[in-house]
Structure formats: structure tokens, C-alpha cells
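Each of the next two complexes has chain A plus one other chain: chain B in the first, chain C in the second.
Right, the complex of A and B next:
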């Protein structure tokens, strides 16, 4: 619809037009009676360990929305590049979108320069992006990958803080997971030891934290390739469905059947020759 | 005479005030016909901590980059670049249509990066369009 005055389109990117309205709504609707809807958080346990040949990343699979489990099989280990994967804790949509944008940027770079991206590039791009928004994007990320300089494990906070460490846990269950990692980590672990260590760290998080649960996903990244094991360990507390919810064929009785053939009369026939010369 | 212009430039970074009247049309008085009713509170105070920093983000980035470039390579480097930016900025469609700004993107280097400004609120997908005659008249200053 064309307006009759001069139209100034809002700038692309984030639009803050409704933030004044939301602040007023919170005041009016507040008083403890109604609350604004909370975004889906991943209330998570994520962990990573650098071992002899690469990096092992692990995550649980529960996504919560306040006190309700919103997703029992959430995938928290995101693909960034063929040699880089990222675990995300915090607001689910934020981690998803941020890692998507990062992955797109690195793909464009790979196409431009025909090289696999380095882990430090992913970290720098993330750091710039998250610092620009001053922590409003709630993404707590663990980036792990292998490039020609070696295996790296970085943690990136929502304000853009970066740490490079050999073992790491983040999320609401990080205290429990960190305890296991501190106890069991040695430099240059073997693959099986590393997988068991990360799995027990995530398991400790699942047991001790309400926001983490369900299965354990693992992702092993080496120079040769990536092994994404989903699920690595299934939860012991799966419930059995008590009844079947699909209706058997024949549940609805047929009362009467009436077949009427439809008479079709040819009104007009045209033939168009196709020129196949 | 009071240097109101000077005061405005001091406030520019913290408070979005264009002149003394945010809804100003011609002659500096509030233009209700074209800008709608004005609310002083909405114009003065940013309602979101990121609102101001996002509005000026590109400007501040460019300022920073140009001053670094000037310190490293001398005055000619940012001057030449800004000349090219001005030329590229003039390649536009008619005012009511959305231009791709391809030359400007290439100069800035944003043709091989993706950010939130490419995903959210893309002006090409906007559901509103200005009236062609009014927009062209406004651009030519005839309105």
C-alpha cells in the first residue's frame, strides 16, 4: 500500500521500535500476576577436552522453557566448518542463529580462498559479533576444532570474552562437569579415555542439574574427519508409553456404501500437430 | 547569538536530537502532517541499551577505520577512499525503490560477510512503499 507521506524505512538489522512498548507492558501487566514469556534456554551441560589426536566435545540434550522441558532431543553441538564444531549454552535461538551466521561467514571465506578455516578465525568473528551486542545475545559457546596449527578448544562468553584451555565445561551444569574433568584430565589422553571422561562429565551435569538431562551427544574431531555420535549414551530414565495413540484400521464403522459412476461426455476434441522436424 | 548548533554536536553521541525539534519539517517546526504526532519522551530517551550504538555502528566503524588509515598511510588514503564511497553512494534507483548498493558493498568489503543486517528486516522485503510521486518530489526538494 502506498502511503501519502515520505516513507523512511527502518534500517536493516535489529529493530528497537517495540522496546518502549514492551517496557510499558511489563509495568502494566507485572505486579506478579502475568510475566512476559521467557525465551527457551538450553540450561545445559556442555564440555570439551583436547586429547592426543584432536578434540572431543560433549553436550546433553535437554532444552527448558522456565520449569518445563521444551525439547528432549535438542541438538546442542552445531556445525561450523568441516573441521570446527561448536557447543552452545544459553538462549537456544541465540546460539542457533549465531552459530549459523558464523558458519555462513566461514563458508564464504573458504570459497573465496579455497582453504579450510582456522579455529582462531571462528573465535575472532564470534568475539566481534558478540561484543558488538554487549551481552544482549545470550550465547555461551565452546568452540573446538582441528586445523593445521593443531587442536584447539576455546570458550566464548556472551560479552565476547575468550579463553583457550585444554578442557572446559559451560552451562548450568558446569560445576558438576568441571569437577569430573579436573579430577580425570591428563595431557595427551587416548581417544577412549577422552570419550569416557567427557561422557562422565556430562553425566554428572545431568544428574546434578535440573536444566540438563536426557541423552549425551559426543563429537570427536580429528585431522582425518569428524565423528558425530548422537546419542552416545541414552538416558536410563526413559518412560514407556502406556497406550497406543494410533487408531486401528476399522475403528470407524462403515454404515453404508453407495457407488455412482460419473458419466463423462466428450464435448470437443482438438488435435494439434507437434512440429518434430 | 547562542551557539545551539555547538550544543547539539556535543549531545549527538548520547541523545538522538536532530536540531531542537525531532519532528521538524520545513522551517524547523513540528510537521504533524508528514511525521505524525510527536512524543518528546520517545525521541529523547533510548528505550533499549543497544539502540544508539546500533544506529551509529557503521558510522563509528568507518570513522575509526579512516582515522587509523590516516595515521598509517597519510591523509590521501582516507580521502581517496571517501571519494570512491561518495561516487558509489550515488548509484541508486529512484527513491521509492530499494537499491542493491552493490558497488558500495564491494568497497566496504561487506559483500563477502553475512551479519544480522542481511537476515533481519531486509528493506527489499518491506511491506510498505512510499508514494512514488511524493518520494521523488521530496528528493528533488520540490515538496
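Right, the complex of A and C next:
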């Protein structure tokens, strides 16, 4: 198989070294009082819709660490290829790294074969990797893209299940978003209708789900190119800061000023030629 | 003791399902519902296609964990296309069923997926095989599987006739699936049927509002 990989694939089977290490650490540190830190999850609403000329992907921008909002402007729509983008829900680190790895491997493939990757290739690679890890990688992904075979939208689950659909929502806010999509979706929507539909779906997730919030990001992918609109719609609950937190120059009075030049002498100079042959 | 093929015991997306395949005069009909669920509580997709084409005249339908079933059928598709190049002829339906059986049997501890394989080949004509969860391979004139199949054993036993015509067989399959979908909560949606004969494999979809209705509806 002529697929070059950035990182070495493991020999075979699953690699659970880290799970074993975590179990040992929990035992050793603090006799059951210390627990491994909970991973940051993107309690999330992500959605995608196939419209007349391409695909519209949408996501909220809140990342939570238990009950605290860790990031109010987190980017959940990841770049995979010039014609493929991926929304990620689940464990933030898993979605980041998985999509990064996929993107790197597809770039190498593009360079080797002088072709833009197809969406189905991205989906297959993800499916293989997630199945191999038996659900331990908590990545719930919505993959959308346009290639010469047309516009495609796929859902990829953490166990490696794949489903091609015309519209989709995932994440903790998916029930709310799905309701909007089921009601408003029609085949061959116009661009504005599609953007409004996805935005309303994400908005429903933001309003009804505690894990989703802040702004709505949209990404429109067509044959001609990509329009990444971040943010598409800002949170209506964002307040203006009442006080100023910057100090004007002169707030702290200067009592005395003393300038001492430091003499620097060149002791040794080495030149190393870089071999660019 | 192998786990039951019930939706609540499968991790991730499961095709708690109703699938069947029936042999008729000159071909086979293979069919399924279109529901995929998570934990038996949420329908994650109401239009999933469980009928996978593993070769020109051989189809499989999947039951159990969707991820496991997709991984196995992908592998089977690859092995069969390689086999058909090596042998310079289309693979036998039994070969396809065997490939799935080997994968299910050798990996029975990790996998939770069962299959029905049906198709047409030149040697034996139309055939139906079932590969269960643990890797048992059996050939039958017709077979039903999945969580919804328990509700229709009586119906299929009473109504099956050997050597049916194509139309009779499609009606038999449609009725059986509709009855199962009516009683099983993790089966539903639309009916996917594929009719495989020597000439072609034809995909027919019976949408929800065109399903046969019975006395209580």
C-alpha cells in the first residue's frame, strides 16, 4: 500500500500502554485519593448540511472542563485538506490530534500523487484508526467535503462506524440541533438557506445544552473553495467589560532614572554552512 | 458464553435490526430495515443501509455493532476482489460467506457482528448463507436474523414456499420485515431490498408510508 505516514503505525492490534500506565499511577500516587485528571471535553453542538453547491459545516465555540468553561472561543472545525473540513465532538485532545494526523497523512498523499484527496479516503483512514483503538479514542466527527465525485457529509463514531447522510448533528447538543435540521432540511437548498439552517441548529444546541455556548462558527465548502466564517454569529449574551484593566503610562511615578551601557565584546565567531544540495 | 445479539450490550452504534434473505426461482432477495440505535434508546440514524455489496452478485447484510460489521465487510470486500483476480472468475457465494465466517470466528472475542450473505454464482445458482456471532456458517433456503427476527419466526415458517416467483418472494420479504419492524423497537425506518439474479442486482426501497399495513393499523 503506497500510503506514507507521518508517524509509525503500531505493529498490530491495540496499544493500551497509556491505560495501563494510568491505572498504575492511580494506585501508586495517594492510595486511591489521587485520580487521573479528567480530560477536557468539548461538550458540543456540531452540525453539517449538504446543499446545492457543496457542504456547510457549523459548530459552537465552547470548551468545558467539568463545569467551568475552559475556552470561550475554541475552534472545532478542523482543516483536513483544501477541500475537506472536519467538526469534532468528544474529548478535545482526541479530536485535535486525530484530525491533525489525518491532515498530515493526506498532505503527504497529495504530494506523492499530485491529487486532491477524496472525502472517502479521509473517512476510510479515520475509520481504520478509530476501529483499531476500539473506542478508546473519544472522537465523534462530522467530515464534510467536496471532491470530483460530488459533495459528501459523513459521520464517524469513536468505534469506527461510518454513515453518509445529507444532514447531521453530533455532540451533547445534537438532540436540539437535530430537531431543527429535521424540520428545516430540504434537498438542494440554496447557500443562504443552508447557512441559516445550520446556524439555527447550532443556536438551538447553544440554548438548550449546558455544554455548548458562545458563538457559532460556519465553514462553507464548494468546488470553488472554502469560506471559513469565524464567528458567523456572536453570542447575544456577551457583555461589555465595565472597567478598564489597563494602566495609563505615568500611573506609577518614576523617582530616579539611571542608564548604564553594557560593553559587549565579540569573543568568537563560527560560521556553519548549511548543505542545501 | 457468547453475548446475546441485543442492542443494549453492544458498545457504540448498534444495528439492532431485522435482516433476512430468501431464495426464489432464479435468484435471491436480501432485505433489511434501516434503523441504527445507541443503547437501544436513541435512533442515531433512521436511513442507514445495512446491505453491503461485497462483489458483483454477492451482498451481505449486517447485524450487531455497526463499527465491527463495517470493518469486517470492508476486509471481506478486499479479500474477495483479490480472490476474483487470482481465480480469474467471480467468487462463489460460499467463498464470500466463508471469508466472513473466518473473520468472525478467528476474532470472536473482539467482534460483535453477525451476517447474512446471499447471491448468485454460476456453479450453484442462487444461495443464502448465515454467519452467526460466533462464526457458525450454515446454508439455508431462507434465513432471518437480528433482534427483530424473533417476532417473525412463526410468520416465515408458515408462509415460506420453495420455488416462489420473484414478485411473490419480494412480497414475502416485505411482509416479514414490516411485521418485525412493527413489533421490535430497535428495527424500523424503511425497507431495503436487493434482488440478485444472474443478470443484475437491483436495489429496491420501500419507504415508511408504503409499508404493508396489517389488521391493527
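Just so we're on the same page, the second predicted complex is superposed on the first by the 221 of 277 C-alpha atoms of A that agree within 3 Å, B and C clash if a C-alpha of one lies under 4 Å from a C-alpha of the other, contacts with A are read in each partner's own complex, and residues count from 1 in each chain.
Criterion: contacts are C-beta pairs under 8 Å (C-beta built on N, C-alpha and C of every residue); 3 or more make two chains touch, one makes a residue touch a chain.
Small disclaimer: the values here were computed from a predicted structure and weren't measured.
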Looking at A:101 after the superposition, I want to know if it touches chain B, chain C, both of them or none. Which is it: first, second, both, neither? first
May I ask you to decide whether A:129 touches chain B, chain C, both, or neither, giving the answer as first, second, both or neither? first
Just to be sure I read the superposition right, which of the two partners does A:162 touch: chain B = first, chain C = second, or both, or neither? second
Contact-wise, after the overlay, does A:20 reach chain B, chain C, both or neither (first, second, both, neither)? first
Specify the partner with more touching residues on chain A, choosing between chain B and chain C. B
First, second, both or neither for A:66, with chain B first and chain C second: neither
For A:109 in the superposed arrangement: first (chain B), second (chain C), both or neither? first
On chain A, which stretch or stretches are contacted by chain B in one complex as well as by chain C in the other? 134
Quick one: in the complex, what on chain A touches chain B? 1-7, 9-16, 19-20, 23, 97, 101, 104-105, 108-109, 112, 129, 132-134, 136
Chain C residues touching chain A in their complex are 11-13, 36, 42, 44-45, 47-48, 65-68, 70-71, 74, 110
Chain A residues touching chain C in their complex are 124, 127, 130-131, 134-135, 155, 157-163, 165, 175
Where on chain B is chain A touching in the complex? 33-35, 42, 46-51, 53-55, 57, 96, 112-123, 126, 128-132, 134-135, 138, 143
